[in-house]
Structures are given as C-alpha cells and as structure tokens.
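Two complexes, one shared chain (subunit A), two partners (subunit B, subunit C).
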Partner chain A sequence: MNNHLLINELQRDALQEIMNISMGQAANALAQLINIRVILSIPKISMTTPDGLQSFYHAASPHHFARQSFLGDMHGEVISVISDEGCKELGEAMSYDQPMDANSVNELVLELTNILAGACLKGMVDQLGSRLHLAAPSLFEPEQQLHSSYNWHHALLLEILFALEHISFSSRVVICLDEASIAVLAGKLNEMLD
Partner chain B sequence: MDRQQLFEDVVSQLAIGVCIVDSGYNLVYWNNFFADRLQMPMADVEGKSLLELFPDQATFLKRKLQSVFVLKNASFSYWEQRPVVFQFKSSRPITGEECQMYQNVEIYPIFNTDNAVDRVCITVYDMTVTASYHQQLTRLTQQLEAEKQQQQVLINKLEEAHNQLLQSEKMAAIGQLAAGVAHEINNPVGFIFSNLQSLQDYLSRMLKYVDLLSKIVDKVPQPTLHQLKADYVQRNQLAMVLADCPDLLNESLDGAERVMAIVKSLKEFSHVDSKEWSAADITSGIESTLRVINNELKYKAEVVRHYAADLPALYCQPMQLNQVFMNLLVNAAQAMDSFGRIEIDVAFDEQKMVVKIRDSGKGIAPEHMKRIFEPFFTTKPVGQGTGLGLSLSYTIIRRHKGSINVESTPGVGTCFIIELPRRSELEVQQDEASLAAASQHGVL
Partner chain C sequence: MSLAVTIADDSLLSRKNVRKAVPTDLVADITEACNGVEALAAVNAGKAELLFLDLQMPVLDGFGVLEALQKQNANTIVIVISADIQPLAVERVYKLGAFKFLQKPLDPSQLRAALAEVGLL
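On to the complex of A and B.
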C-alpha cells in the first residue's frame, strides 16, 4: 500500500507540521490537567487497511481499549490503547478516590481517552480552521470486532505515543480518518499551502 | 414572546438537566430539572460555587470542569462508572427500587465572541430506566449462572452416586461368587482334613505294627527270611518311605488347614455388600483382609503391625471398613517399585480410633494429591484401576463420620490416616435416621 495514495508528499509534510505543533499544545494542556509532565512522540502518519488496523490491537501486556467518534466536516474515530500498568498511580495523581476498583479504572480510561483525543484533535482542527464535535468515548474489546464487516478499504492513521514522567505508563492514541474525510483534509491542506 | 424568552422557556422545561457555570465554577444558571429535584430555586443558588453545593462530588466536578476549560472540549461521565453525580431523587419514587437517579453527564464548553471559553454547560440525562433494566439483566444472568453451577454440582454428585452404586454392585456380585465358591470348597476340604487326621492316627498305629513285625522277624533264626526282608526293604526303599510318611501327612494337614483358613476369610469377606452395623474389632477385620490379599502382598512388602493393646470394639460397618483397608493395602502394595514395607498402626483415645497405613512406595505426585479421592481418578494403566477405590473409601469413612487424610513424599512413601469417632450405637442410629430422612427429601 502506497502511503501517498490519498495525500501527496506536500500535504503530508504540512500535516506532519500541523500535528507537531498540536502535540506541543496538547502536552502543555495535559500536564496542567494530570499534574505530571507528559512526554509525547512525534506523530506518525500512515495509511492502513482493515487487516492493518487489526494488527494494531495486539499488545503483550494488559491494555484497555477505548474509542471515541468525532463529527464535523471531517469524521472518524479516535482509538486509544492504554496500559493497565500505571493506571492506579495516574489515578492517584488525578485525585481519583483511592483505592481504585475496576470501575474507577474504567472511568479513568474513558476520561484519559477523552482528554487525549480532545487534546490531539483540538490543535489540529484549530490550525486547519475546521470544526469538530467529539461524541462520548466508550470502552471496547477489539477481539469482539468483526473486521471483515468493515465497509472501508483505506484509512489515514495519525498515531501519537504518550508517556509520563516517573510513572511506568504508556498509551497510544490513533486518529483514524475514513476516505471521504481524507479528501476533505487534503482540500484543507491545499488551502493552507496556497 | 421574543426569541430569547422562547429559548429560556424551552430550556427551563427541558427533561434534561442544564446547568451553566463560569470559570470560577460559580453557578450562572440551572433549569427546572435541577431546581425541582433539589428543591433549590435558581434565585437561591445563583452565583454560588458548584463545588460547595455538591461537596461529595467536588473533586470529580473540579477535574471535569478544569479539563473542559483547558482543552475546550466536551467531557463525559457515565452511570456505569459513576451512577450518581448530583443527588437527585429517583425518577421513580413510588414504583422503582432505585432510591437515586442514575445519570449520564456531559460537560461542554461555551465559546464567547473571542472564541475563548469562560462558561461551560453541564447537561444531565436521567438513565434510571436503562440502568435499572441493565442491572436486572445482570442480576438475572448471575442467577442463571449460579443455578447452572448448582445443577452441575448435582449432576456430578449423581454421577458419583451412580458410579459408587455400580462399584458396590460389582463388589456384591464378587462377594456372592466368593461365598458360593467358598461354600463349595469348604465341604470337601472339611472331609479331606478330618480324613487326613484319621489317616495320621491310623498311620502311626501301622508304623508301630510294621516296626513290631520287623523286630519279630529279626528274632526268628532263619537267615533266608532275614535276607528276604532286607531285599524287600532295599528294593522298595522302605526305610525312606516309612520315615517320610509322617512328614507328608503333617504337611498335607498343614496345607488343608491353610485352605480352611483362606476359605473362612473368603466367607467373611464375601459379605462386603453387607452394610450392617455392629460392634467389631478393627484389627480382626484388618487381619482377615490381609489373609485375602496375602498373595498380592507377600512378594511386594513385609507387613509390620503396631496394634494398641486393649483395643476396644468399634460400632461400625465392619465389612465396609474391610473394603477400605483392602483398597489402601492393595494400593500400598502396587506403589512398591521393589520389595518394601507396609506398616499398620491402630491406636485409640477417648474420642476416636486412628488407623494409619504407611507404605515405603513411590509416593503420590503433589499435583495428584488433591484429586485422589475423586471418582475415576487413577494413575494406574487403563484396565488396572477403576479410579473408584479411594472415592468409595472416602464415602465409607464419611458415613462413619470419620476422616481420611493422606501424607505423601514422592520417593519416600505414603501414609493414609483414618480417624473414626467412637460413637455409641444410639448416636449411630440417630445419624443414620437423619441421613435416611435427608435422602427421602431428595438431598443427595
């Protein structure tokens, strides 16, 4: 699969630049909310197929999965993969009631997903001059997904890795855009480039 | 009515809770949904801190509101994780079981003209109906699951009971066969034994007579006669024959006696199906069992007995206990890789009798220890063990209100410890009666 089939090299570079700036802003916002310094990776832009997305779910250690859809002139879903390790410490830092049971860990995962997805998308959308509305996040189990029933062929993935200072914790947030939205994105990028 | 008035009217009557706070978390507005349910009209709370109005949820609300102000994105809370954020009374105060309203909460930013966020809106959805339905479903699922497990336990018990029934039927059939054979052997062996005794008596008389005749012949002064006798004795090796006769008879008598003892044990043991309760001497049961399985034991192990002196009789099912001893002793013999040692301890105190059967066999693997009393559990090759011996033994000991425990070290040996309470005839009768009553009520 050619990564540049749906967006060209120029658009890709522009998107990368936008993402880099957004992530810097997101990291600041997060540090303020979580009270811990957040370390973000440089966003990775790639194209995927349903099979490719499935392999994304494989994780060695216990992880929580959540997803959140967004609507606007672009639409898609944010998928977050959050390590179980570190959740309790993070909950403590975010002043969750202690000790945390499975329910409050779920609440934390949903809240983290909402914060991470919001932070990542917000910066991007602002710079593109676009408007998005995030729906409520929900937990899900990837094993129960029937990827053969997906009705798309290619999707754009914007993948960001989050880590925290002094806490062994990791999470991945992937913004997935479907084919129609990629076209809208490409249009927006062209406007900016002009 | 102008547009603003219209919107205000609509919002105030919405079936959704709407509440607006400023960046200091102070209340700007809430609609009737809040005001009615909390009995706090808008006028009383305007400008008050939301965190002070809801101190129980202050930490949570602060975190959520802060994230909305900082990220300028909506934030959510669900009834599954946090059923109650605001202390609203249940939406079904009369017919519902819930005493509080289950809520989904959404908090979203309100942008001002400068595209900054100085207010956020909190909306509350009543999820009581959904939550209650969901919980009922969960309860039902759990209940079904529990019932399924109970049924599985009953099925297992039934299977166990069925198998034990089969096993005891088998034992009863073997017992009857043994009794029949023993009876048939007992008669001929009886007359063989008594005939041999008579024969022994006659023979001793005849030997004396032969001796006398020989002496008389020796006294007659006729060398031809002496020669004739010597030739005959020589030819027929009579010296050896005469000397051997008593030994042969003694051995035969001994053999016949042993056959009689075995037949007696077999007859005793042929009552394995007997569940009669009686006062019995435990050690004589063990001895009778040892005689029956002597063949299995004698090339495998030396049997050492430590029986306490003045052992009292125990009110028990002697034939059932014999079966337990047989199972344990046969297992002990089969556990021997080379010629070993089986020690049988019988001791007692005021309350109980303790029988220990210790072998120097190969021991039981730790992973098998928990399963040895399970029906059909066997480590013997297919066809050699039913896996029912220990299970049956366990049931028999439980019927005596006793316990059977095992200690084993692989490579060193195994010790089975049976503790039997010394119950009076009356106690046993009462226990048996209550057991019979329970089984009539369908409790296995």
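On to the complex of A and C.
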C-alpha cells in the first residue's frame, strides 16, 4: 500500500479529528440501539490502489461485506466489513432469532452498514459543509469484485474500527475517495484550518 | 486579571476550534496541551484554572486526567469536549468531577452557556 498521501500533515490531522467525531456519532447510534458501550479507536488514514483494496478484502475474511456509493461534490464508496462471528453475537444481543439464517445475517449486515458507515459518512460531510447523496447499501463478495469496476487509481482509505465491550464484535468502515474528490476534500480541510 | 485556561486536545483542528469558540469577553491566558500528561503539567504549573479537556488522547486520556485531578483534589474547573458522546462516557465524566460535557463538533453557543453557568461570564 502506498502511504504517500495526497493531503499534507495538517490536513491529515484535521481529517482524523473529523473522522473521530463522525465515528463518535456512529458509535452513539449503535450504543443506543443495543445498550452496550462501543470502544472507539483512532481512525487510520492511508492511500490505496485497487490492488491494495483487493488485498485488504482478502486479509479480512471470513467476513461480510457491504458497500454504499455516494455522489456529490465528493464521490466514492463506503464499505463495511463485519466479521461473521461478531455479526452472530451482535444478532443475539439484538434479539434476532437464534441460530440466525443467511437472510437474517444479511439483513443485520445491511442494518449495521446503514448505522455505522452511513453515520460516519454523514458526520464527515456535515462537518465539511458538504452535501451528498448516499445510495442504499448492497452486499457483495470481494472475490467477484473485478478490477474493471474501479474507475480510480489512487484512493484515500479511511479505516475506522468499531469494537464492543463484552462482545467479540468488530467492524471496519472504509471510505474510498477518488483523486478528484481528494482535491475537493483538501480544499475544504484548508478552509477549516484557516 | 486574566483567567488561566488550558486547552487539552491532541488535534490541532480541535484546539483551534476551542480557541475560536472562547468568547472575547473572557479575558483568558491560553495554554495548549497535546495529551493528558501535558494537561496535568499545565494544571500543576497553575496554568489551568479552567481546563477544556478532550477524552481520546495519547499517553494519558481524558478519563485519566479526571482521575488524577480528583485524587489530588485539584481546584480546576473541567469542561470536557468530546467526540465520544455515548451515555456511558458522559456519565463517567460527570462521576469523575467534570463540570460540563460538551460534544464535538463544538457549538460556540453551548460553550458560552457553560461558561455562564460556571460564573465565568
């Protein structure tokens, strides 16, 4: 993975704080739903390529994957990665019928994607004074993800990890922004830092 | 006389935002700290009659700072400004003696109201 960022150190600090706040809002939405404390960690910011993202998926199996694309002055997609084991434990905490069948697991993955990824992205956009349209999440299999479907060469990878107290649940939210969107983002970060 | 104020946050953006939000009618001598240890050092150096405290910080987090202040019976007014807004975090902060909990992104009018409540405005 290429760690040469298209944003400078100050912008990176600002983006990290913005993601921290967005993550706090997403965690609060989840905590209110299940009454369990969400443990927050510092978001990771790096650059990636389509190949890099591909290896990220492989490193993360066996997991469930969902994606939501977004359009606006910044565009890209947000991906959530949820462990199968964590999903089942959380399903129990959320009173899903046990054992969970494939349909209810899928439903829960989409629900969590809306709560976590959606809130992260919304928090980020609100703070940046930006607007976007978020599509509905859909499940996908990374193995069937062909390179040709990526129309970017470098993307900013914002990786956010959620963990729960007393439950072995962990979830990653990854926001991918293409190069044009990174330039828009950098401009907005500069305005905030002024 | 000016009030000794410390802003403890690891993020430059957040420290800037707090600085911008401090009302101009509060005559303040502002010190910045990037982690909990620096925040405690500022308190012990008499630079924090009022402490704006972030919770998620490296080295020593905001909860650690509150615990230390409680132990040493420090005479510092603490206003926590945090991204972690979960009910349990808020509850813990108040138990540890914080005067007020404000959520990020910081709303300057809420900061103003908190300062008025503590009698600094």
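In this section, the second predicted complex is superposed on the first by the 180 of 194 C-alpha atoms of A that agree within 3 Å, B and C clash if a C-alpha of one lies under 4 Å from a C-alpha of the other, contacts with A are read in each partner's own complex, and residues count from 1 in each chain.
Simple rule for what comes next: a residue touches a chain if its C-beta (ideal position, glycine included) is under 8 Å from a C-beta of that chain, and two chains touch if they have at least 3 such contacts.
This one's a predicted model, so the numbers in the text were calculated from it and none came from an experiment.
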Clash or fit, subunit B versus subunit C on superposed subunit A: fit
First, second, both or neither for A:Leu110, with subunit B first and subunit C second: first
Degrees between the directions from subunit A toward subunit B and toward subunit C, using C-alpha centres, nearest 10: 140
First (subunit B), second (subunit C), both or neither touched by A:Leu193: second
First, second, both or neither for A:Ala119, with subunit B first and subunit C second: first
Which superposed partner A:Ala136 touches (first subunit B, second subunit C, both, neither): first
Contacts of A:Met94 with subunit B and subunit C, given as first, second, both or neither: first
First, second, both or neither for A:Asn20, with subunit B first and subunit C second: second
Touched partner set for A:Asp51, first subunit B, second subunit C, both or neither: neither
Partner chain in contact with A:Glu179 - subunit B first, subunit C second, else both or neither: neither
Smallest distance from any CA atom of subunit C to any CA atom of subunit B, in Å, after fitting: 12
Common interface positions of subunit A, toward subunit B and toward subunit C: 32
Complex interface listing, subunit C residues touching subunit A: 11-14, 16, 56, 82-89, 103-105
Sites on subunit B touched by subunit A in the complex: 59, 63-64, 66-67, 70-78, 80-82, 104, 106
Of all residues in subunit A, those that touch subunit C in their complex: 10, 13-14, 16-18, 20-21, 23-25, 27-28, 31-32, 37-38, 40, 42, 127, 192-193
Interface residues, subunit A side, partner subunit B - complex: 29, 32-33, 94-95, 97, 103-104, 106-107, 110-111, 114-115, 118-119, 121-122, 133-134, 136-137
